[in-house]
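Common to both upcoming complexes is chain A, partnered first by chain B, then by chain C.
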Partner chain A sequence: MKSGRGSLLFSLLLTAIFCVLPLIFTSNLIQHLLVIIGITVILVLSLDMILGHAGLISLGHAGFMGLGAYTCVLLVMKYKMPFLVSLLSGAGFAGLLGGLIGYPSLRLRGHYFVIVTFICGIIFTLFFTNLVSITKGPMGIPGIPSPQITIVPGWSISFKSKAAYYYLVLAFIFLTIYVKHQLYHSRMGKALLAIREDEDLGRSLGINTHAYKVGIFMISTAFAGLAGGLYAHYIRFIGPDSFTMLHSFYFFVMNLIGGSGTIAGPVIGALLLTVIDELSQLLQPALARILFGVFLILVILYMPKGIMGLKTLWVSQMKGE
Partner chain B sequence: MVDFLVVENLSKNFGGFAALSAVSFKLERGEILGLVGPNGAGKTTLFNIITGFLRPSGGSIHFQGRDITHLSPHEIARMGIVRTFQLNKIFLHLTVEENIRIGCYLHEKGGPRRFFFGAPSEEKEYLDEKVRKIIHLIGFEGFKKKMAEDLPYGDQKLLSIGISLGAEPTLLLLDEPFAGMNPVETGRCVSLLRRIMEQGTTLFLVDHNMRAVMGFCDRIMVLNFGKKIAEGKPAEIRENPEVITSYLGSIKVA
Partner chain C sequence: MFPQILLNGLFSSSIYCQVALGLTLILGVMDIADFAQGGLYMLGAFVAFLIAKSWGSSFLFAICVAILAASAVGIINNIIVYQPALKRGANSLIAALGILLVIQNLALLVFGPDYQTFQLRFGQAKIEIFGGTITLYKSIIVLESCLLVLGVWLFLQRTKIGKAIRAVSQNKEGAAIVGIGSRKVSVFTFGVGSALVGLTGALVSPIYAFDVHFGTDVIVKAFTISIFGGLGSTLGTIVGALVIGIGENIIAGYISTEYSNLMTFVLLILILFVRPQGIFGRRPI
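Our next item is the complex of A and B:
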């Protein structure tokens, strides 16, 4: 994480650009892409909280996304609760379940935890498919309304247009980045660094590694749930097939390719691969899967730190190290 | 006066194998206790149990009057007992400074205020000073920004001791601190440990380097096959027939 005035200026410039994007690109396709990329960015940033910060691999993240999505949608449609309350409840529920699942499974050695998350993802899909009375099963839930947020009684904002939805998502992206950045510089961030680098050494220095692992896992799954709720109210249809193991794997690959342990990495990874995925839906759907695979191999062989790793390498070579 | 460290009847079984059998000893505050024994005698097992990384099958451990037998490693560290590892552990991908800074974790304050507004500047200054003092103590001023993985092995071992100092241990357990060191490095390490001892930390170390251990420790304890077979001053241990036998095997007289 860079510090310094140049970097701050750069970040402000980027922020300004992101804010005006939908005004520049008014085509339906690009605005749709912007929203989808935005939601995916939140997801990959949340995954990076455990992958990049704590060094834990989760292959079940889409399951928590689905948990947040279904919870939010059900609260809005069945119980007529306000959108923001439902959205945050979905996130909270996903976080809570992350805690329940994480508490026992994070006591296991790294490899076993990955397997547990993988199985979790599958179990969530089974729940979404089979709890028909709650989730309407394989048919999914159609007709999800666009969000309406009431600022003051009598004045509410409707997010029907793609551009408006983009700004909603952008606000939550800023929230996610803020939380991730603050976490990194907090005492928890130091503890997670120790956990990532050498957990037993951390324990011998007084760090309650288990508590921190569960904590960051809960925060990560909560943000995944948040992204799920945003997704549901944008696409306006969700089903068990929206949150599969394949999606979990995609997010993981995006994180790796962009570069874990940074903020720019997940953004770049999400951006690049979402564009490839969405565009290839139009041309040749199988193309996306092939390209993902190729990218993954390239990353493993040549750039284990992802694109951000390449950038760091390039910078240090520029400096003549 | 409350005893410093009291280990009573400590046992550890792995299935049918008795790694430790009824080991009892006391450690006085301020002394340097050495633990020796052939490979497989149970020395690291004993360390792992005292520091909470392993659960004992029986027995108890009391530190400054408190029962620490079943505490977890981080709780024991917070009570003032820190250990180093036989297979040297440092944060390889961080600099020397950053390594020691993480060692000072127990002196960082967390909480919501820290989350939103960052650490108070007094704390930053306090920690910076602490890190500076430790770097000076281990003699690493010249390369505090060097990556830990780029240090030679002997320096990496000194670094791991430096990291543990960040936690301000009252009792420091060192698992083979001299292993893999040449005589010069061993001498540096012994000097460092002496300085640490002079600052008030009690030392309990395991090593195979008999010369270093005999020359440095006040008392020595010998383990073999999980049992304590001797305990006393270095001179006494050197003459003890059972100790000699355990290292050399029994001497057959034809």
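Our next item is the complex of A and C:
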């Protein structure tokens, strides 16, 4: 973005549009979709922190989302902790485990790191299913209360309605975007860029690439955990099937289709794929998934940089380059 | 109880070993983690089942058709998707998952959502070895798997095309310099690898109940094995398959079935941390 003022105006305009969306669309279905898309956007943004900035692929983010969700829900329901504290603890716990897993596995190169994240996702699902005493196993946890945030003692906001929840999610989206933006322009962002382009060269310049990778992986998994907590309190039911490897795969595809390494890309990807997914409910599910698979392969082959990549291409063609 | 567990483990190992061998060939030559092979495993099972049950032809013939079908689909995947993907530097892992999605759901449309089972007329006699029992059919599979692995190893060591496959998987540019076209080799490798996977699917179809999502578990485990043993190493694949196949059955027998998968994966992750190249793998130069 070259013209700072133009892009600022543009983002302000977008912000305004996002703020009035639930006022324009009052139908239940669309408001529900808006919340779901919002939560997905946080998740895809978190995924993009590692894919877009450091070029690392994770196929286990749904697992981290689940960790955050279960932690948050258990704190709220078993220990009667306030919602915001639980939400942040869930995010913290997911981030912590991200660090524990990332520290050894981020030394691996190539396919290996992806496979470790992939397997971690499976392991988390196995835990959610088998630790019956804590997670209630395959039955899942029903009846999660809608969040109540106490601002001053005796006066609290309840997020029961879909529109209210939308604003809660929107606030967290802005938080995520802010963190991502700050990261991108920080020393860490530049180090990560070096890692993405050429890790060995970065190391030869004295960048502690491993520490930066672990750091960004922790931040990324923490935001995935945050999205999980938000998801749990919106759907008000969680089970092992809510956070499978297929979900991780979907998030990754959203990121890829939107375009990685940008802020708009994950938002577009989450929006587009959720809408396509909804529309495909009109078809037979098997047929819809076949079309999705074909679409995916075509995107991989002909649009490797996603929709935001097309935009860059288009801009450079307009300038006659 | 222990001999029984050992026999079950040996059977699982021989199944895993065949699939892992197919995967490791492909991973070595094309550097593709081809999860779509899960679909080919399922396809092998369904084709063998349909031909043997509906047409009433001999099971051996059904297996041959299953191998051909799997191998054909594997080669088509390679030509239509993987080759262009590699040429464009696109993410082949996602392409593989996309193909898996297409194959599984096409199968869902064609074969329907039900679990299928069928019984073989032969090989149901039980043999007793060291106090454990195993059906004749399972013991034939174990034997066949040993011979097959030996065959593949000899093929890779002795034949010209086998040597070409090893050359390409060790160094693509080097192979190209001495005149080995990687395109031809990769098509051939996909054919052989998919055939191994399809064959295994067909072989186990009379043993397990299967639906269209049949192959997913096995493929993940086979990947675990090929990474565990070291990519491209036949010996490593055998050892990995034995460790995981028998270990899994020991855990299922003495602790609990739920945790047997978990142990497999935990083991893999530990191995990766200590020896990322696998037990018998070489570090890339």
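Note that in this section the second predicted complex is superposed on the first by the 309 of 321 C-alpha atoms of A that agree within 3 Å, B and C clash if a C-alpha of one lies under 4 Å from a C-alpha of the other, contacts with A are read in each partner's own complex, and residues count from 1 in each chain.
The rule is short, and it goes like this: contacts are C-beta pairs under 8 Å (C-beta built on N, C-alpha and C of every residue); 3 or more make two chains touch, one makes a residue touch a chain.
Everything numeric here is computed off the predicted structure, so don't read it as measured data.
Once the two complexes are overlaid on the shared chain, A:L175 sits clear of chain B and of chain C alike. A count of residues in chain A touched by chain B and by chain C gives the higher number to C. In the overlay built on the shared chain, the residue A:A286 is in contact with chain C alone; chain B does not reach it. Of the two partner chains, chain B is the only one that A:L201 touches; chain C does not reach it.
Shared-chain residue A:A191: touches chain B; no touch with chain C. Applying the stated contact rule after C-alpha superposition, one finds that A:V275 touches neither chain B nor chain C. No residue of chain A lies at the contact with chain B in one complex and also at the contact with chain C in the other.
Listing the residues of chain B that touch chain A in their complex gives 51, 53, 72-74, 77-78, 82-85, 89-94, 101-103, 105-106, 108-111, 114-116, 118-119, 163-164, 166-167.
Chain C meets chain A in the complex at residues 27, 31, 33, 81, 84-85, 88-91, 93-95, 97-102, 104-106, 108-109, 220, 223-224, 227, 258-259, 261-262, 265-266, 268-269, 272-273, 276. Across the complex, chain A meets chain C through its residues 57, 104-105, 107-109, 111-112, 114-116, 119-120, 122-123, 126-127, 129-130, 249, 252-253, 256, 284, 286-287, 289-290, 292-294, 296-297, 300-301, 304. Interface residues of chain A facing chain B in the complex, by the touch rule stated above, are 182-183, 185-188, 190-191, 193-194, 197-198, 200-209.
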